[in-house]
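Next up: some structures, all given as structure tokens.
After this come two complexes, each holding chain A, first together with chain B and then together with chain C.
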Partner chain A sequence: MGPTVALAQAEREAGDSRSASPARVGDALVRGFLVACAVFVVLTTVALLGFLARTGIRGAAAVGVGALLTGDIWKPEAGVYGGLALIAGTFISAIAAVFIGAVPAVLASVWLTEFAPRSIRMGYRRVMEIASAVPSVVYGWLALVYLVPLMSGLAHAIRGHDAPVTGEGLASAGLLLGIMIAPTVLLLALDALSRVPGPLREASAAVGASPWQTAFHVSVPYAWRSILVAIFFGFARAAGETMAVQMVIGGARRLPTDLLFSPTTTISAQIVMDMQEARPGSTESDVLFSMALVLLLVSVAVVLVTRGLSRSKQGAR
Partner chain B sequence: MKARSVHVSERAGSSREAALKSLLGAGALLFAAAYGLCLVYLVVRGGGKIASFTSYASPPTGIDNESAVRFVLAACVFGVLGWTAVVLAQMALSRWGRSGWMDVRAGRAVIGAAALLGGLFARDHLPRFLIALPSETHAGGGIGPELFNTIYFAVLSTAITLPVGVGAAVYLARFARSARFVGAVRTALDTLASLPSIVYGLFGFLIFVVSMKAGYSLFAGAFVLALLNLPLVVGIAEESLHAVPRELDEASLALGATRVQTTLRVTLPYAWPGILSALVLSIGRVFAESAPLIMTAGTTISRSNAYSLDPFRGGETLAVHLWYVNSVGLSPDRADVSAGTAAVLVVLVGMTNVLAARLAGFGGAEGSRTKKATR
Partner chain C sequence: MKPNAIVQTAAAFALSMFACDKSAPPAPEAPAAPSASAATAPTETGAVQLSGSSALQPLVNAAKEKYEAEHKGVSIEVSAGGSKKGLTDVASGAVHIGNSDIFAPPDMQGQLVDHRVAVQGFAAMANKGAFDEKVTAISLADMAKVFSGTITNWKQLGGGSQPIVIINRSPNSGTRAVFGSVVLGGDKFIEGQTEDNSGALVAKLKQTVGAISYLALSFADPQLQVIGLKSEAGAAVEPTTANITSGSYPIWSYEHMYTKGQPSAAAKAFLDYMLSPGFQEHVLPTVKGFIPVTQMKISRDKD
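And now, the complex of A and B:
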């Protein structure tokens, strides 16, 4: 904080020497603008959370929290709002995505930082950066055209030729989400591993550890919290993903009859589909906000967990 | 006593480790190759649609601003082609040790000339797909208005993100006084960063469509996207502001400049490439986002104002179009339309990523600005 104090002092002295010059007025305006920007950020966030919470609580009160969270039939046209199918769809597909996408991503990031030849690191990173920036609808379209037919064949191969199964469902959604979050998790894990201090690796090598041992007994444990943060981030992204999942999950508003291969829905997919028809202010619309509130609470929980992780890391050192 | 030298390969278990290591490496390479091939496939599959320049002049369809839009689009397409050619030529020349043959100014002239000539003479020969109106029921629909809306969204949302995001970053990095308020701003940014994009869409829907009864509008979508991008832009901008050496600020203050003057004339220019790269990344997210736009800007294209600059009309972007064509649309050639749209999106996103990486390379003490100043 030393330099800041010095700057503040220098500025105060400068201010004393030329208090009423026109430049001061401009300075005050600029300062005011900067503060206004910061205030805008806080106020908009508060407004966003406030509006959402107000509408969502109104919806939850109209239906009843218990019915909303545990009912398994979602039929807005009949006034029945059971969100269990939506919540289950969101969580199962996101957890599947973490196992399918995050594990290979973390392993690949370990290989890239510890063992890969220097010459390919940059190119590898670039490919993954573009892959993580590709619009989710593009992944969704690819999955719709290639993954869903493949899954349909697989489903019939496993469950029998004329079993009531389809390619649309949690299996496709989980696989697609895993493919989508993997580049993001990989990039975050790379950042985490690249922050491992070089001296640690050298010390490990000096006591006779092989590169493999250094990687998995020194670097990975050191970066473990940040890698966990990356995985949580991937989970949050998978849980919040909307359009791509909507394209492959089938859109049936009930619990899946077959865990892997039958159509169901997620919170965000249902919001974007039903919001078009719901009359604003009606229970039908308010309940969608309640479901969004569930999603929001999940992401806030993820923030708290990641903050806790990074804070205890600072505390430990 | 003489120490015997031990080679790593003599250690117990090293052959197993080597096998695991190559297994891991093969897996990681396969992993990246899958994504790389997927990207290449997307561009190649839709490439035919976006590279088929016509030999005949496409007749105008009589929509307002159409020729201006065609001019800008052709200028952009040929400008990018010129840029690619210049970069390739520079790489080739420097490999042969003749980099003096083409300096930066000559490169810029080539790019400018390509853009101008393309805009003037090739604007009516652009691929039909890029300038035609979309069609919900017939084959042969294009993505002209969607492309226009996508770029227009980028401009509109950057017009909000740039002042607010940079302002907040400068405040946090240089002018913050109260620790409690800074904590509040950071918590707000963390919260915004963690929210799923559908939540932003609901917020925009509630404010603009329901409360203000303004209907679907580009402005609502751009505002929501700007909010979505704020955490990213503030984060990177603050980081690049923190990377500015204190000595620079102190030298400026010692010369009698006020703190605001120092920030505007010294700190911000030094950190500018980093800030720009954040903005370019945020534009990439504008290209990619779809869910919040469906709820704030709608999914329709109206023929009468397809190329209108009015921000209070509704309109869909490329990403929304890709979803719409596959979920709602009935056109028989939707596979080709989707492929073309996806290829355009991948090219746009790839370009923003390359540009952001280049800009980020210009910043800081190793940056070209500093090199030029200390040469």
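And now, the complex of A and C:
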């Protein structure tokens, strides 16, 4: 169908818009389809949350919330469910990732928006966009082959030749997660800083501020809430990461004997490990959902904090 | 609907999804669904589904290849995931045959029928290096001390000074169950690094200096140090076929293929093939690590 014909037909249809023409039926169908899509997405989310809450609470009730959160032995095959090692592993590796990856990413974004020439900024952004699209299994595999042996050497160099330390552990996991979240955090922080109005910078320069002063006394304070949102988002992604972490954390179901260089586990890695044997409806399966619920609550908390920050930003102006 | 309308719909839909993607806070990765729900129910269309032991998988794959070539239209679908998963799957009806290195637990034995297709030995295997080149066999008592965490350095076993890194299989592994039962008298492994299948474990053992674990002999490899047992008299007992069939090397198990009740026609035909003299005498010995059940001079009725 050529454009002219289409145009003529559109005009004809516009003319008899009162009647139930095929075009109106088509519109209704499309609208119905879109509404159905919207409802479907909401329903899946609600159903997921409902299921997770119901099963997770059932699992937590079977074991006891206190035992689940503070017990340090996780042995589903013996009916012992202490999630402390899993929770600690998740938090420590994610917080490490924030310091190793997110904070440098934010500083890099300040340099890019405030000091670097435009050409470098654009090139840098393209590279980071590619880096943020690399699948996590690729990061994990590379880390397993190159990072873990490196960390093993480092561990023995620091703790001594005969020390019971390995390359697998929180150091590898934190470093890997930091590398993985840095591109995303950098892109978000870059967006935040690029929204700082030009006149603000110009005014700052006009009153005699150096570029350094403009960056850290004008631009960063203006954008700090969005920058925090970027960092929180990086934290949530690191806490939920599964595949890559499972490949380098070692999978030992205990608190690490050496904070940096001994195998331990995280919530998501342990779910992947244990789900094969967990029969749906059994306590083991329910408790895995309890741990998933903990992970979800952390993410929801992060989203709420993020929401709160962006709302107070609107209120301020 | 006119092509234009379709294009517009698609564009609008794509745009709305894109817009949502930009504005909504990204959701965290959803946890994967339990794998059991992914398995389909058995059908009678000439497909036979098996799951379970990764130690038995090489033998089943060898049988599958020959059997499918001889029986056009039949497909054999094998997945690994650990012996205990095989037992759970076959009991719940998710697969036709559950592969297992271990006997079914008493509460399942009533409904499951055992088909013993082979015997397989297991051994401790370690990363190869100067530190353990002299450690070719250790006593059962020392082996137990290594895997329960009492012995922590290769020099305590007569090797060089190098910390021992224990790598475990996950608790649903039949290899772990068999090895633990013979060496430790139960699952008393010290908690440590854990790998959830034999293949990944081999890669990890080759990479990690000082590492030791336990594997089915079908995974023995020139790049791994296979560690035999020392008898009380001090003689080394290597995990060879002769030592296993005579009963002098104790770490072995039957390879079971369980069905729920009597097997379906397609599953029975495949099991009959695996137990046929043609397969047992000509194909099975060519697959590394497996021994025909008929060669065993001793027998067991539990692990």
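Throughout what follows, the second predicted complex is superposed on the first by the 292 of 317 C-alpha atoms of A that agree within 3 Å, B and C clash if a C-alpha of one lies under 4 Å from a C-alpha of the other, contacts with A are read in each partner's own complex, and residues count from 1 in each chain.
Assume a contact is a pair of C-beta atoms (placed from the backbone, for glycine too) under 8 Å apart; a residue touches a chain by one contact, two chains touch by 3 or more.
A quick note: this is a predicted structure, and the numbers were derived from the prediction, not measured.
Once the two complexes are overlaid on the shared chain, A:203 sits clear of chain B and of chain C alike. Once chain A of one complex is fitted onto chain A of the other, the partner contacts of A:33 extend to both chain B and chain C. In the overlay built on the shared chain, the residue A:55 is in contact with chain B alone; chain C does not reach it. Once chain A of one complex is fitted onto chain A of the other, the partner contacts of A:259 are absent, as it touches neither chain B nor chain C. Put simply, more of the residues of chain A are touched by B, taking chain B and chain C as the two choices.
In the superposition on chain A, A:133 makes contact with chain B only, not with chain C. Once the two complexes are laid over each other on the shared chain, residue contacts for A:142 go to chain B alone; chain C is not touched. In the superposed model, A:116 lies in contact with chain B only, and not with chain C. Contacts of A:104 after superposition: chain B is touched, whereas chain C is not reached. Legend: residue contacts after superposition of the two complexes on their common chain; A:168 is shown touching chain C, with no touch to chain B.
Residue overlap on chain A between the chain B contacts of one complex and the chain C contacts of the other covers 6, 23, 26, 30, 33-34, 37, 48, 236-237, 239-242, 268, 271-272, 275, 280, 289, 292, 295-296, 299, 303, 307. On the side of chain A, the complex with chain C involves touching residues 1, 6, 9, 23, 26, 29-30, 33-34, 37, 48, 75-77, 148-149, 152, 161-168, 233, 236-237, 239-242, 250-254, 263, 268, 271-280, 285, 289, 292, 295-296, 299, 303, 306-307. The part of chain C that touches chain A in the complex is made up of residues 1-5, 9, 12-13, 16, 25-32, 34-37, 81-82, 84-85, 88, 92, 152-153, 161-163, 165, 170-172, 187, 191-196, 207-209. Remark: chain B residues 8, 11, 14, 17, 20-21, 24-25, 27-28, 31-32, 35-36, 38-39, 42, 163-168, 170-172, 175-176, 181, 184-185, 188-192, 194-203, 205-207, 209-210, 227, 230, 234, 246, 249-250, 253-254, 256-261, 263-264, 281, 284-285, 287-291, 294-295, 319-320, 322-323, 326-327, 335, 338, 342, 345-346, 349-350, 352-353, 357 touch chain A in the complex.
On the side of chain A, the complex with chain B involves touching residues 3, 6-7, 10-11, 14-15, 23-24, 26-27, 30-31, 33-38, 40-42, 44-46, 48-49, 51-52, 55, 104-105, 107-108, 110-112, 115-116, 124, 126-131, 133-138, 140-142, 144-145, 182-183, 208, 210-213, 236-237, 239-243, 246-247, 268, 271-272, 275, 280-281, 288-289, 292, 295-296, 299-300, 302-303, 307.
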